[in-house]
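Labels run A, B, C, D and E following the written order; every chain starts at residue 1.
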Amino acid sequence: MIELILMPLAAFVIGLAMVLMMRRIGARLQRRVGPPLLQPLWDIIKLHGKETQTSHGLIHELGIVMAIGGFVAAVTLMPLPGMNGLAEQGGLIALVYMMMIPSLGLALGVGQCANPNGSIGISRALTAMLAYDIPMVIVVFGVAFFYGSTSLVQIIDAQQAGGFATWGIAEMPLLAFAGLFAMQAMLGKQPFEIYVAPAEIATGPMVEMGGKFLGGLFIMQCFQLYAAGALYTLLFLGGGENWLTFLIKVFAVVAIPMSIAFLFPRYRTEDVVRLVWKWPAMIGLLGIAFLMY
Amino acid sequence: MTSLDHLVLVSALTLALMLLFGRMRIAGRLAVVLYAVQFLLLMQTGALLGEPVASSLTLSVLDLQMHWRYDALSWFFAMITIGAGFFCAWYAAGVWQERYREEGHSPRLFHVALAANVLTMLILLGSGDLLSLFIGWELVSWASFLLMAVGGGPAGRAALRYLVYAFSGGMAILAGLMLIYTQTGSLDYARVLSLLGELSDGQVWLLLLLIGGGFAVKMGLLPFHLWQAAAYAETPGPGSSFLGAISARMGLYALIMLLVAMLGIGRLTAMEVPFTFLSARDLIAWIAALTVIIPTYIALQQHDARYLLAWHGIGQGGYMLLGLMVGNAVGSAGGLFHVFTYGITQAALLMAVFAVVHRTGTADLNKLGGLVARMPLTFLVLLFGIISLAGLPPMAGFVSKWMVYRSLVAEGMPLLFVAAVVGTLGTILSVYKLIHNIFLGQLRIEHEQVREAPLSMLLPMLGLSTLIFLVGVTPGPALSWVAAVQASLGLPPVPYTLGGIEDPRGGLDMLWLVGILMAGFGVGALIFFGLGGRSKRVHQLDNYAGGHFLTADVRYQYSDNFYAGLMHLIGPWYRGAFLWLEKALTATVAFLSAVMNGFYRYAQPALFVLATAVALLALTTA
Amino acid sequence: MMSLTLEGVVLIGALGLIVIGALGMAISNHLFRMLLALVLAESGANLLIVLSGYRVGASAPILGFGDPTAPMVDPVPQVLVLTAIVIGVGVQALAVALLLKVYRVYGTLNVRELRDRMDADVATAAGVEADASQDAPAGERPLPPVPAHASVGSGGFGRRGPVPFPPQSDERRP
Amino acid sequence: MISDLAVPNLFVAQAGQLVLPVVLPLLAAFLMQPLARVSTALARGLGPLVLILCAWITAQLWIQLGDAPFTLAIGGFAPPLGILFYADGIALLFALAVPVFALLFWPGSESGGGAGADSRPGSDQADRDQAARRDALVLLLVAATTGLALSGDLFNLYVFYELAAVASFGLVALSGTGRAQVATFRYLMISAFGSVLALAGIAILYMQTGTLNLGQLAQLAPETLNNPIGSAAFALMLIGFGVKAELFPVNTWVPEVYAGAPARVSALLAGLVSKLAVLVIVRLLVLIFPQPEAAQMLLVLGVLGVLTGEFAAWRAKDFPRMLAFSSIGQLGIVFVAFSIGGEIGLLAGLAVALHHLIVKSALFGLAVRWNGSLEALAGAARTSPLGAALFVLFALSLVGVPPLPGFWAKLTVIVGLAERGTPLDITALMSILLVTAVEASYLFRVAIRLYQDNPDPVARHARRDLGVSALLGAVLVAATLGLRPVADVLGAGAAQLGDRAGYIETVFPSHVAGKD
Amino acid sequence: MRNLASLLFAGGLAFLLLTLLSQLAFGTPPMRVGSEILAVAPGEVGAANLVTAILLGYRGFDTLGELAILFAAATAAGVVLGRRRDDARRDPPGGEVLRTGADLLFPLLVVVGFYVIAHGHLTPGGGFQGGVILAAAFFVALLAQPARHLSHGLILWIEGLAGAAFILIGIWALVASGDFLAPLLGPGRMGELLSAGTLPLLSLAIGLKVGAELAGIMAHIADAEAPDT
């Protein structure tokens, strides 16, 4: 039981660090200094402490709750070194679908805001989800099929059995590449950041999000970064043999999209769909074809 | 008199009572009670776990024996049928019925149609041989036609379209049965089963085409899906729920009888499709997968809530067949279980939509919005429903879909897996559009005074929602039925637990998952409500509108063409290939008809008599 | 093939009458000529019946009329032909009566003209344009399109071509 | 079977009375017009009275003598010489059905008694004359069709067939419109041409066998008619008798006539007269032409009839015409069924034929008021709810929806075809199934139309037509409920109908070797 | 096109029928029924003219049917041509020669007609033939003087009663001997006028009925209004 409390906590902390890392990398690439160590945490606290908190109704608020809660639940399905959490009770497929709940919650919350701009943003976000989930499920299928199990615990065990040679990335390089691609889109990072549209917040889903609503989304982002990195690590990098290697792997995984993100402009939604359906999906299918024959 | 006789008799009694007293106000409640009695009688038959229960009625026509019996499969489908009838009658029993009467329709006709549907379905499900199967099939088709047509107007046209499809399908089935009869000399299951193995592959293909095709019409499998959405959507409220919940599943039942019980998955796998590397099983699975994808994305385009859900109904049928075609324990269980989960989901969803129609008078997604503030409980029902429909945890739909996915992974069917997920994603998109356009966004001025749905309609909706959630949390009991059905079909039974599936290679335990999800929500709520300051509720118009100020008489709602970007991309794919097919067939019939008419109009009679005389004489002397 | 005796010629004549009558019925464009052709054909058939009782060298079947020892022809076909002739007369008389009436109503007995006038008649009775009524199906077609108001795409892949972008919605514009 | 009593009692059923159901209507018909001059009421009551009497006599005969087939030599002349009546179950059934249906569809004043299109205010006398003529023609039709059911002599059958034809010409022309007259003429020409061919066929048959008695023909058939000559004779007679039986392609008269004739006359023609013509063809087929070529002809023409009729009906613009085309299709199925042969084929054919007799008559009964275009029927359910409900019932049975009798009849046909299973049979089976779908489409298009909203629906039905249709609908429902006894009766009838040896034995009871 | 097809089909029909008939034993009929009737008819029926014996005896029922057909045709013609119009335009009467000739011929034809009817069972002829001659007598009169029309009522009565007489004779036989239209009154002496039982009576009924029937049709057609064109 204690694991179930520790796992989200660890995820949150790691996620905070990731946000920090993201902002630092961005700053480096743009020749800035970057924020201090605890800046993400302070941001969250500050947002929660704001005096004007405008709510558009209960669903608006529950949407944020769902967004946070979904990730809190999802991270317990991803085994950490020494902690399996609920990985035995719900496998990979459950995890993938669990990670859609925050999206749904966010969508509901934004919808309740009664702002057409927000709805447009959700339309974009869901379309993008349709795009990146396809290569992602291809990847998930490939891994599950390769290891003959949908249980992450068993997948990790199988990967760790023979060192690097049995890691997913070594066994299934094409799938690993496709997964990276999909993760980029999943995190909403450039060039796939149209639906979050942080630069044009007024026409995105966040338009009505202020104060603790935005704070909640900040927390969600921490979980999201962590979840993406951890999932990739679990699928392709052999999970964590111990905490050190786990952290290294997770941060390395997240660092890649961060670095790529700052090099690219932005795609339109349709272009995202087209690109993601074309390349990572194809590569993923090719990878599965290699696995099966 | 066996317990099955009692069940059918009470069902027939329901029909008779509705015919007699359907005009009265009490009729609705009477129907509810009678459906409940039927449900209890069904429970009493014990057909699920014990031996099949036979009816004492047998008929013999042309030396063809007909008899009726219930086994676990029949019981399972009958349970859903009567349950759907119960909830739909409940929904109709109160305010809805009065409104229906006020609108100039006949509640009696509606109750009769519903009772007839339940009765005929029970008869179909009891069929003990192929002839009684066909008879039941026809009865169900016409009962559905009745229910569809009672709406009048566009419903009549849609029902007629259904009729043409269904009846053509019925005739194809009859042709297939005659094929079986010529080959085996019998229509009895056991005898046919023992002789079916001797059929050549070509004959089995013909059989699949004729009988399978006929059954597929009812299920709305591609390419016979065009009739279904309009026919189901235009049916009066509870009727639509009923049809959506179970009617098309009769096609699945019959397909199970044909594909699983009679031919067997093994036979299908052994049959190669000529010139390809596919087997018959793959082919059917792909038809199922395409049935998932194409109607789902057509649903995405709809801007009538009823049509949207009806199109999804077609797509969800694809999952069921897909799961069955995978054929392993988890997959077939998933397919069967989805019949149940989807049934309660669709019923709840359509009830919610019709509750909105009841209050606002429209189901047009472009003319609604913001109703969550006025109809919060209906919103909740719809929310539960869409989560289940989209197959997200923690609702019932997730479990059944998870099982289908899991089996696809286990059997190594990547493309089908992707197809299934593509369908799910499309579902998520379109159900969000559904809930957003009805309940979220800005409330329209004309709906300011709308009230929550009346209690008589709300209760069954809430009941179904509870069921959706409970089955999602503890699928075990329901899975035990499914396992019994599998056992009766000769399939490996699914290893179920109270919370889900036991599988050493990755199982599912919904108790834990829902628990942690609830805990997660709790944490989220703690953070959100505990950490921050109090939030201030503002008017829905008090939001950022790009520098404009919104006035109270102008409402902005982003609803029309909700996924404009996506449509821009995939719009060109929406070509009416199947509609063209249908039109081409109609045109062929019209052409033939014109030719025949011309014959009777313009033929020089004497010339034809002469020609016939010559032809016949030539035949005799030749 | 039989040798061509007198009887054979009569038999061929009977056949010829039937065939000529049939031909006449098939190619006439005038109802009365058709009727005359029918009379010819009936005569042929009657002749055939009488011939079916023909017996070489036999006498009429009337006792005390000729040589009592000579064989008689089969009397039955003669009875049959008597009946058939009278039936034919009745039918022909009725046909003439009908033609009189038709001529009185339409003023023509030419098949084509008659058909045109009847079409006009039918159209007037149905209250539709004469030309439109002929080939238009009655009522609606059995596979009606799904009502337009339900959904743009509800009839299947109803939309052809790309969806207009940006969306053209004229609702909710102030 | 002939009674030896010097003064037989007319009130005790005996075979000699079998002639009365044919003769009494003739007598009444002959006297109808003079009587009408004397007393209108008498003339009006005479027809129904005679029909009731006929039905009563036939029923008595059936009850008391109908266990086994029996014969009646008219004039007391021993079988091959004179004319013979042969009464088995089916013959008696039809002989009973004829007066009953004629009574049900007895044309009233609505069926047109005047000169129609050019009717001017004529004198009462002229109207009465016309009514008397109409009644006389119906009685003639009754006599003719009863004779068709009972007669066991080929030429006698031809005579009755012609009588039925001529009487129906007069009845069709009754509505008095120009269209009806042209249709009648067309009908007359086809019918007369067919008669010429039938006569030629009879002549050929007589040349070959020297007899006209069906029993004797049946005796001689295996040795003298199982050859091209026999088949040719059958072909010619098939065309001839096929005209009234709506056999393709001598049925081009059907749509115009049924659309133009008074609806009740159409009901009689489509329901009753066509069935009797079919019965004649079946008798010929069973008794005289058991060779497969004959059945094959029937099968091919039947299938063509099914296809053309049902497809043409799909585009029909008015109600009677739609029924007419549908009738062509249904009779095509009847032919297909009889072509199967054997007990199952005969059973199937009888079932379909009787079903069609009931259903199509009743539908034409509804057409008395619904005689216009289909468009005009919109919303008719509002004024005539029972009529609309009956239409739906009959349509359901017609397309063959279980458990209505139409389904079992069609199923029997299909099973019969499947059991024989030659490629031609399978084609027929598929054609029947195909057109059944088409049939459902057009019938239920009308059904939906009946229940449409329409502020200005057509007139309601007269009580009598509705009552007749309801009665026939009740018969249909009763047959559904009592399927088993009905099937048993039909099965026994079919067995008798198909019993060639039994027929010969009944006609020539003392017959030993049968070779002259 | 249609003519060509018709021609071809007619040719085909001719060829086929010819082939068919060439296979028949023409000129030597099997005469199964015929010879038997030739043998027994004189004793059973007693008519010298065996054709009449068959027509009114063995196949008397056919004859009744035939009468009915003629009656049906007349009635149907009445239905078709509808009401008589007294004011119908009529052709002017014929010339003096025609009228005088017709007046002279009329009684002659009537007498010949009845003669043929009465001797039907003895010599060629009989009810049908005589009836037609009777009708012809009226035709002649009608052609000569179109303005003079026959009394429909009289025709109706004659045809009705004549037909009824035929049937009643049949029913009399049914009552008397148990068989409809069975020969009654004994065959008598072959060759005499009053022989052959009821045959002459039947013949008379037929003759009157046929005459009335044909006259009736003729009257209907004559009364039919000429078209306006």
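Here is the rule we go by: a contact is a pair of C-beta atoms (placed from the backbone, for glycine too) under 8 Å apart; a residue touches a chain by one contact, two chains touch by 3 or more.
Everything quoted here is computed from the prediction, not taken from an experiment.
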Common contacts of chain A and chain E? B
Chain pair, most C-beta pairs within the contact cut-off: A-B
Report back the single chain whose CA centre is most distant from the CA centre of chain B. E
Which chain has its C-alpha centre farthest away from the C-alpha centre of chain C? A
With centres defined as CA means, the chain nearest the overall centre is B
Mean-CA-position distance for chain E and chain C (Å): 28
When the C-alpha atoms of chain B and chain D are each averaged to a single point, how far apart are the two points in Å? 46
Between chain B and chain C, what distance separates the C-alpha centroids? Give it in angstrom. 52
Hey, how far is the Cα centre of chain A from the one of chain B, in Å? 35
Touching at least 2 other chains, the residues of chain B are 157, 160, 164, 556-557, 564, 568, 589-590, 593-594, 604, 606-607, 609-611, 613, 617, 621
Going by residue number, chain E touches two or more other chains at 2, 6, 9-10, 13, 16-17, 20-21, 26, 29, 31, 33-34, 37, 59, 62, 65-66, 69, 72-73, 76-77, 80, 82
Those chain pairs meeting the touch criterion are A-B, B-C, B-D, B-E, C-D, C-E, D-E
Partner chain D, residues of chain C touching it in the complex: 18, 21-22, 25, 31, 34-35, 38, 41-42, 44-46, 48-49, 51-53, 74, 76-77, 80, 83-84, 87-88, 90-91, 94-95, 98-99, 101-102, 104-106, 114, 118, 121-122, 126, 133, 136-140, 142
Which stretch or stretches of chain B touch chain E in the complex? 604, 607, 610-611, 613-614, 617-618, 621
Please name which positions on chain B make contact with chain C in the complex. 154, 157-158, 160-161, 164, 225-226, 229-230, 233-234, 298, 301-304, 307, 311, 366-367, 554-557, 560-561, 564, 567-568, 571-572, 574-579, 582-583, 586, 589-590, 593-594, 604, 606-607, 609-610, 613
Using the touch definition up top, name the residues of chain D that touch chain E in the complex. 2-8, 10, 14, 16-17, 19-20, 23, 26-27, 29-35, 37, 73-77, 80-83, 114-115, 118-119, 122-123, 126, 129-130, 133-134, 136-137, 140, 143-144, 147, 155-156, 159-160, 162-163, 166-167, 169-171, 173-174, 176, 181, 184, 200, 204, 206-213, 216, 220, 228-229, 232, 516
Per the touch rule, the chain E residues reaching chain D in their complex are 16-17, 20-21, 23-26, 29-34, 36-37, 40, 44, 57-62, 64-66, 68-69, 71-73, 75-80, 82-84, 152-153, 156-157, 159-161, 163-164, 167-168, 170-171, 173-183
